[in-house]
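After the structure tokens below, expect a handful of questions from me.
In this document, chain identifiers A, B, C and D correspond to the written order of the chains, with residue numbering beginning at 1 in each.
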Amino acid sequence: MIIVMASREPEDIRRVVAKIEELGYQAHLIEGVERTVIGAVGDEGTKERLQSLESMPGVEKVVPILRPFKLAGRELKPHDTVVTAGAARIGGGAFCVFAGPCSVESRDQIVESARVVKAAGAQVLRGGAYKPRTSPYSFQGLEEEGLALLREASADTDLPFVTEALTPEQVPIVARYADIIQIGARNMQNFGLLKAVGREKRPVFLKRGMMSTINELLMSAEYVMSEGNPNVILCERGMRTFETETRNTLDLSAVPVLKKLTHLPVVVDPSHGTGHWDLVLPMAKAAVAAGADGLMVEVHPRPEEAFSDGAQSLKPIRFRQLMDEIGPFLKIVGKTL
Amino acid sequence: MIIVMASREPEDIRRVVAKIEELGYQAHLIEGVERTVIGAVGDEGTKERLQSLESMPGVEKVVPILRPFKLAGRELKPHDTVVTAGAARIGGGAFCVFAGPCSVESRDQIVESARVVKAAGAQVLRGGAYKPRTSPYSFQGLEEEGLALLREASADTDLPFVTEALTPEQVPIVARYADIIQIGARNMQNFGLLKAVGREKRPVFLKRGMMSTINELLMSAEYVMSEGNPNVILCERGMRTFETETRNTLDLSAVPVLKKLTHLPVVVDPSHGTGHWDLVLPMAKAAVAAGADGLMVEVHPRPEEAFSDGAQSLKPIRFRQLMDEIGPFLKIVGKTL
Amino acid sequence: MIIVMASREPEDIRRVVAKIEELGYQAHLIEGVERTVIGAVGDEGTKERLQSLESMPGVEKVVPILRPFKLAGRELKPHDTVVTAGAARIGGGAFCVFAGPCSVESRDQIVESARVVKAAGAQVLRGGAYKPRTSPYSFQGLEEEGLALLREASADTDLPFVTEALTPEQVPIVARYADIIQIGARNMQNFGLLKAVGREKRPVFLKRGMMSTINELLMSAEYVMSEGNPNVILCERGMRTFETETRNTLDLSAVPVLKKLTHLPVVVDPSHGTGHWDLVLPMAKAAVAAGADGLMVEVHPRPEEAFSDGAQSLKPIRFRQLMDEIGPFLKIVGKTL
Amino acid sequence: MIIVMASREPEDIRRVVAKIEELGYQAHLIEGVERTVIGAVGDEGTKERLQSLESMPGVEKVVPILRPFKLAGRELKPHDTVVTAGAARIGGGAFCVFAGPCSVESRDQIVESARVVKAAGAQVLRGGAYKPRTSPYSFQGLEEEGLALLREASADTDLPFVTEALTPEQVPIVARYADIIQIGARNMQNFGLLKAVGREKRPVFLKRGMMSTINELLMSAEYVMSEGNPNVILCERGMRTFETETRNTLDLSAVPVLKKLTHLPVVVDPSHGTGHWDLVLPMAKAAVAAGADGLMVEVHPRPEEAFSDGAQSLKPIRFRQLMDEIGPFLKIVGKTL
């Protein structure tokens, strides 16, 4: 921590130094031309408490120096983590496409979807059984019946599947059915839920919150990992901004930033990231070029009849086109489907 | 819903009209000079599905017309809701101050805090027993022990208290101890948690998410209310923006917007809203002037030693000053402490 | 500047220290448990160049310590600046209301507006002659004819007036007619324009950009002041965020932040800040309570016929109500109209 | 325009209909189950004035239906515009790289830079002579001397060059030297400047403001085009968000959105878009994949000594790597350098 003093009063500085030492750190002063700054050296694990020094007289601000994540960071583990689920591999040179409808709506719909995405080359089926909806009056998902239908579609196509758990109580049942447990954007800082999936063996698909920083995403991965589950897949799905042409603003620069900071695989969701089916293909290509380890894409047999997210879902023919068109890009970046 | 057509092809328009009618609505065409728009008239409850028409050929966009909340809205219930907890009344002309430390740290700290805020005129004690922390390595709260200490401090001062529940499982135990259950900003769209507190009798203190619109806040209140709990207190506590002088940007205009749209009481939290103790007093006054029904303020006996949020916590003497200085403003707006 | 090293390689550190010294600064090392930081001490004026060290091997980031404004800051000039224009005083305990239509539309409209706002107690007339419009096809203002009409209305009511200049070329002509020159939000970082008004004697009314930080606003004031014009009035008028209930998000916390950092007067514009006439009154009161030195309010004799910004303009009767209702708030904060 | 009524009072509706007709439009009513909406049909050019109806009693909101740009839109001109400058072609299948230092610092620096970027395959030299800087105390550019040095470097390498004009007065002199005139992000809505470059023959390189929507960018292009200059190149260079790992958030989805809406070429600037040299390469590739027509890249012979933007500038060796590595991506998308 660096404590920047607004005051040059020796008494103010002395008091801050004394408090730093009382809390078990060493204080190092640098007297600049216009400001005095005090570095606090010592155990990083508990240093966060020093933020409260900002309330002391004469202190202008307290600036943290270190990144607070450990297990998720490349410093401790330089090599890429590879997560596996069924035959699918995510990370470390493999490229994985997660595809399927927003919600499971019926047996026919999910089985048809699974066959479509399998035929086009996807490795993991996606589909929501428990749906987080802004309105309590919207379709909330088929719940456990949806999980059973996903399992059927999965067995039918031999594709592993990912689906979302919304509460800690749902985690065991979702873990019983699903190959990968998804934590949605709205739950990225639902710490009880993160701890619950951290205690499971299933890999975790962790979506970045729409107004969460990259640092916070890594701290949420740290929650899962610190409970004992190292298999976390990160997903960029768009942030909330002032722009209204797109549903969210897909932050593709998060891909190389994350690849630098963490060993965990990074997947991009251009469906939620843009909100419009005709933007999904170009952003899928851009995600491959930016270095992503995979894509999550919403596909629906008949988007105009979808219970949710129809505007951003691809028709089967468009999804096949996407899989065809990302092929040459994958070849250049040296990744294999 | 208004469907705006990009295409003027009769075939495209015919197809959209047919789909609207197939889904059970009437279609009304308005042919403008450059665009055709189609109004869909019918049952509002299920109209949301029409959004998926955006995936049809020739459709430019689908524009919703109606606000999706009902129970939380003033149209159905024009008169202000008044929530009560112990001797405290929130809404309808009463002004309520919720004060106390960010976290319960020890018996002495919470009892001292309770006495301080009581003496200064606060009506409800606040304090966190389960803490949502960005880092898994930060202090996570005293949990049930914290609840017991809050009850002690509450009994000692005869102040009701509010504290946060983080997961649906914690709701029954928090409801057993606390007078009001808080839903934190990060959980505003934790729909399982909203449903859980909606099934309790305790009033709910619902904080606006830092990434959430006013409309989404009202939809989250709707979740609680639609489960049977009408006692919801809304709280503006700052949104995330690009500005870094403040921890968040306190959106005080949310107060008059909410007072127009909803009958629920609206409280402002200038501590989280600004992140700096010296901005709490001016923003507290501004909140009163903007029409708020109450304030939530962080107060700590010794902010520089706080386990969390010390930089934004008031010392006892500052809190007394705040209570003194908001008095004349309350008088003008005709509210009573 | 604080340079944070990612690398602990002595060679990397040595190279950075050498470069710091080559550029004329002293380097002070603090070796922490996990990171080495290097403080660069020396002349603050030119220190900004050290940012480029971020491109050197082993450097994680470069953190500036000092605020870059001087003339606008309270450190050099602790006492409040009072700006005068005609009989109006802005800052230092005086409270000033700037009111009038968005655009000058005709002689009748501006004279009627001036009389209305004068009668209600405003001290400065506002009105646009050169209008910055998003579309080239929108009404662009009456230009010099508008200036002449403003002068007429000003003479008729004995109110000084403020109007916007859009380009450096317009500055002399605007300065010839107007008492105060406005720099609009879109031009807050139009540095050529800032320099041009800095060379004039007329006070400058500087609006914060809708996506500009408080620090950038003060740097823009610094541009004006460093050219020799100390009479700058700052105006908070709302920032751009994701919220759509309001046209912008009015950042009232900018008022106390600015009052702490600068001696310049701070005015709030609740008309642009909210975009809806019915939010203007509550936010005007809140601005007074937050410590603002004045208000800028859009008033139009017949808002539904306004060429621009009708939705946020007050009818005369509403403006009189506003002036009446802010009175008691001004009394509490000890300011006089 | 669609006028949504909050009120169902026949008198309120009658008054709005009368006002719509008074202003020269036809009114079409749709009575829904819970809301009445009124469509206003007529001349699109002047319809914007109907926004002011939002101030009438009983009106909830006024929703515009049509996009307000014409000349920039694909509806009027479906085929891609190709802009030429010297031997460089931008748009329509050609891919153009604009490269060079942030600022012209000296003859040696700019000539060396020009040779480096030419050798690596760039088609246009970039470099700032007039610099928009947040602080008046920062290096402001070499001004006309900088223009002369750019011409020298340009002549030496036979590369056309682009440089920024900050004020309308600078436009003629910049046009005399430069091949392409840049309008910087902070000036995207400097309408006087847009009109000035609209009256020139030189192509205009128009950067999206960091606070501006895609629609506003197109309206700014419309300003230039409506003055008679059809040669506008659009540039996405990052928006301002809450994320701090990058200097701005590069909105690559703006590329396909713009390609759909406009015939103008779209260039991406990954240097300003990210602010860190090590993110430039991955985002350059992603920009190609997303469909961009070119790149603007900051290159400096010795970034750690740059007067400005050193942290985001590429060393010559890195720029050559970038040019090499985008090659295969260009091949796939069918574009040629």
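The rule is short, and it goes like this: a residue touches a chain if its C-beta (ideal position, glycine included) is under 8 Å from a C-beta of that chain, and two chains touch if they have at least 3 such contacts.
Here the structure is a predicted model, which means the values were calculated and not measured.
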Inset, instruction - Please identify which chain has its centre, taken as the mean of its CA atoms, farthest from the centre of chain B. - result: D
Inset, instruction - Give the chain pair, either A-C or A-B, that is connected by more C-beta contacts. - result: A-B
Inset, instruction - Give, as an integer number of Å, the spacing between the C-alpha centres of chain C and chain A. - result: 38
Inset, instruction - Calculate how many whole Å lie between the centre of chain B and the centre of chain C, each centre taken as the average of the chain's C-alpha atoms. - result: 31
Inset, instruction - Could you grab the centroid distance between chain A and chain B? Build each centroid from C-alpha atoms only and quote it in angstrom. - result: 25
Inset, instruction - Would you pick out the residues of chain D that each touch at least 2 other chains? - result: 211, 240-242
Legend entry - Of all residues in chain D, those that touch chain B in their complex: 2, 4, 28, 30-35, 37, 39, 41-44, 63, 65-66, 240-242
Inset, instruction - Using the touch definition up top, name the residues of chain D that touch chain C in the complex. - result: 19, 45, 48-49, 51-56, 62, 68-69, 132-138, 166-170, 186-187, 189-193, 209-211, 216, 219, 222-223, 226-227, 240, 276-277, 303-311, 313, 315
Inset, instruction - Show which residues of chain B lie in contact with chain C when the two form their complex. - result: 211, 213-215, 239, 241-246, 249-257, 260, 273-274, 278-279, 282-283, 285-291, 328-329, 332
